[in-house]
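Think of it as A, B and C in the order they're written, each chain with its own count starting at 1.
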Amino acid sequence: MTSLLYDAPGPLARLRNVLYTVAFLALAAGVLWWVLAMMADKGQLEADKWLPFVEDSRVWTTYFLPGLVNTLKAAALAMVIALPLGAVLGVARLSDHAWVRGVAGTVVEFFRAIPVLLLMFFANTGYAMWTDIDREVRPLYAVVTGLVLYNASVLAEVVRAGILSLPHGQTDAAKAIGMRKSQVLAFVLLPQAVTAMLPAIVSQLVVIVKDTALGGVLLGFSELLRSAGLISANYGNTIPAYLVCAVLFVALNFLLTTVANRLESRLRRGKRSGGAVVGTERLEELDEAGPDRPVTKAGGGRVRGT
Amino acid sequence: MRLRTTGAAAAAVLALSLTATACGGGGDSGGEGGDGEKIAIGIKFDQPGLGLKAKDGGFEGFDVDVATYVAGELGYEPDQIDWVEAPSAERENMISRGDVDFIAATYSITDARKEKVDFAGPYMIAHQDLLIRADESEISEATDLNEKQLCSVSGSTSAQNVKDELAPKANLQTYGTYSECLSGLTNGVVDALTTDDAILAGYAAQPQHEGKFKLAGLSLSDEHYGIGLKKGDTELRADINAALEKMVEEGAWTESVEKHFGPAGYDPGEAPEITEKS
Amino acid sequence: MFDFLDLERYDLVGAFWVTVQLTVFSGIGALVWGTVLASMRVSPVPVMRAFGAAYVNVVRNTPLTLIIVFCSLGLHQTLGVALMGGRDFDTINFRLAILGLAAYTASFVCEAIRSGINTVPVGQAEAARALGLSFTQVLRLIVLPQAFRSVVAPLANVLIALTKNTTVAAAIGVGEAALLMKDMIENESDAVLLVFGTFALVFILLTLPTGLLLGRVGKRVAVKR
């Protein structure tokens, strides 16, 4: 589609592109030089601020690596719990029974509206008051719980949008061969919806990784960002420590997106049809199709081509 | 067939999530303080000179020394101590929940806090002060802060004290941690950093900051650092008070003060009288 | 029970007013910058496409706390950017926070709009080009107006997330809800749970109507195909 917004570049346009590129690179180099000059001026490029990251292995063994492990642990746990829970909530919002739709809808709207940090704090207090989860793992539990409640709600919306985006012929055909409602969902609708929604799901997984950083300051959960704070307390290099931490986060999320994209193209390979890529963008179709309409009822949805 | 593979993948994810939660639940053994094996003590992890997670993964600082000594008097070897990070907002809750046996984390004794927890000590009296650049000549008393750039951390009372009572025209910046204030002080964007002098001295004493900063020496308030413990545990309080007295008598207290605050030229004076008795 | 809620001492209304201001200003900024980024990502100039893609991938993958802190430590402290705030920290930080929030949110706006562009039928752009319109004209007159109408709901989600994300501005001392919450936690340590409950409630009150209202608007303006 995007390439249809403009004609194939001719000789003049190609020349113009070269000029734009040169101008852009010159501008970028200028900004970079200015930033580096200012940093040098303020002493941020001094060797003893940066050398610890390459020379002192304790920066990694004491701070960054344990922090990374905790971030990964919390993110992985939150993902594997939030994904199925989100699917269940999403399906529940499309249930035939009004009360199921109502309950699921309330849960989703409620947990989407509260800042995750507050959810984490409530979870921490709740676990401390009503369960005997050990203190050492409680911050992890609280962080995971907060992330799960919020992200499962968002994923529920994604899954719902994915199911609604499927051609209605899928449901009809499945029913015609005698499948029960649960079978239609489990074997026909969900697998296709999940494949179609992968980009949106992946971007939500990235949000999970980043949001683990919220548990650091308030709950004392020693994740990656918190470890950067400890490094700056020890080495007095706040800006370099945060910069390296940002690079680690970007690398981690980039890795995650790359792996997910591989998985996606693998899932989609050889798929005949109905494998349309539906991103976050298609959420709006929820409203088009009516928010609380059961999908398994005949004539409920609307046939959609790709 | 393709549907089946996707279904299997979904099942695998579900199974993984179940095992993962099961694993998480498995590691619950041990740790609860007061069972004679381990003692859990709350400290700060990010305050040089007081409570800092050091480069080798151990903990160092004055609060840590005091806590270690007290734990020793209570019958716990250093390797039987579980150090727990005590974020300021969580300190009262951690004590009343029983997460920690006691907290030594720049914990000022105040009436509001005494509603929820009991204190032993104080083991040190700190004063609100200013940290300024070593070559600063314009700031010698609190009123000099008018029209100056002042920095502190959010949620702390010290910055509000200055702003409300001493120098209403001071330009106040609050950050999440002191490290960011220090960065501003180095860069010249901030003229002074205010909080308890003990905390400031800890930063000034760090090797990479040596000679760059100095304390203004103003004593704007008295902060009685105490050891927080569960409300009503008079026995533990008496034991901790006895341990603190012994620490001062034996000279370990002075030794630790010298070690952690000496390089910054900070002298907290004599050890304070124990006031928190029942 | 509600002793902690001393409205004379704690300016709850004022703090949430700052939250609303942050949301509105950075929302507008993010919308503009996000639209520019989306245009770059579909533009005929390769270097612009590369910049757009790189920006979105880096900014979207960095925790917001770090971006906001960089705005203060990097832009202001090190590079001396004061955004015409002089030496007044309140003004500077407020503007820096808006800048950071807008820069971060723009990457999500950009992706939403880009997918909105993908929902516009191919024939629309082809017809426009057949009329001899240039790229900017095609985008401005034909494609973007239709794209916007189909992404109101996703943009509403972005706006709700932005409202909650303003709490991160407390990291550089902007006097919004989360900063007030920290003060209240410090001073009212015996009612921490109630303090949190109050703030959670106000956030629900702020975000729920936004979602419902924009959901309605989205349905109204959607292009019927």
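Descriptive notes on the structure:
Definition applied: contacts are C-beta pairs under 8 Å (C-beta built on N, C-alpha and C of every residue); 3 or more make two chains touch, one makes a residue touch a chain.
Everything numeric here is computed off the predicted structure, so don't read it as measured data.
Remark: among chain pairs A-B and B-C, A-B carries the greater number of C-beta contacts. Taking the mean of C-alpha positions as each chain's centre, the chain lying farthest from the centre of chain A is B. Inter-chain centre distance (chain A to chain C, centres taken as mean C-alpha positions): 17 Å.
Each chain gets one centre point, the mean of its Cα atoms, and the points for chain B and chain C are 35 Å apart.
Touching of two or more other chains is recorded for residues 89, 93, 176, 180, 183, 187 of chain B.
Multi-chain contact residues of chain C, defined as those touching 2 or more other chains: 69, 73, 77-78. Annotation for chain A: residues 42, 125, 238-239 touch two or more other chains. Interface residues of chain A facing chain B in the complex, by the touch rule stated above, are 42-43, 48, 56, 58-59, 61-63, 76-77, 80-81, 83-84, 125, 128-129, 132-138, 140-141, 144, 186-188, 190-191, 194-195, 217-220, 222, 229-230, 232-239, 267, 270-271. Contact residues of chain A toward chain C in the complex are 1-2, 4-7, 9, 13, 16-17, 20-21, 24-25, 34-35, 38-39, 42, 44, 109-110, 112-118, 121-122, 125, 154, 157, 203, 206, 210-211, 213-214, 225, 238-239, 242, 245-246, 249-250, 252-254, 257, 279-284, 286-288. The part of chain B that touches chain A in the complex is made up of residues 2-3, 6-7, 10, 13-14, 16-17, 20-21, 24, 27-28, 30-32, 40, 45-48, 52-57, 82, 84-87, 89-90, 93, 97, 99-100, 176-177, 179-180, 182-183, 186-188, 206, 208-209. Residues of chain C touching chain A in their complex: 41-48, 51, 57-58, 60-66, 69-70, 73-74, 77-80, 111-112, 115-120, 122, 125-126, 129, 135, 138-139, 143, 150-154, 157, 160, 164, 167, 178, 193, 196, 199-200, 203-204, 207-208, 211, 215, 218-219, 222.
Put simply, chain B touches chain C in their complex at residues 88-89, 91-93, 112-113, 115-116, 149, 154-157, 160, 171-176, 180, 183-184, 187, 189.
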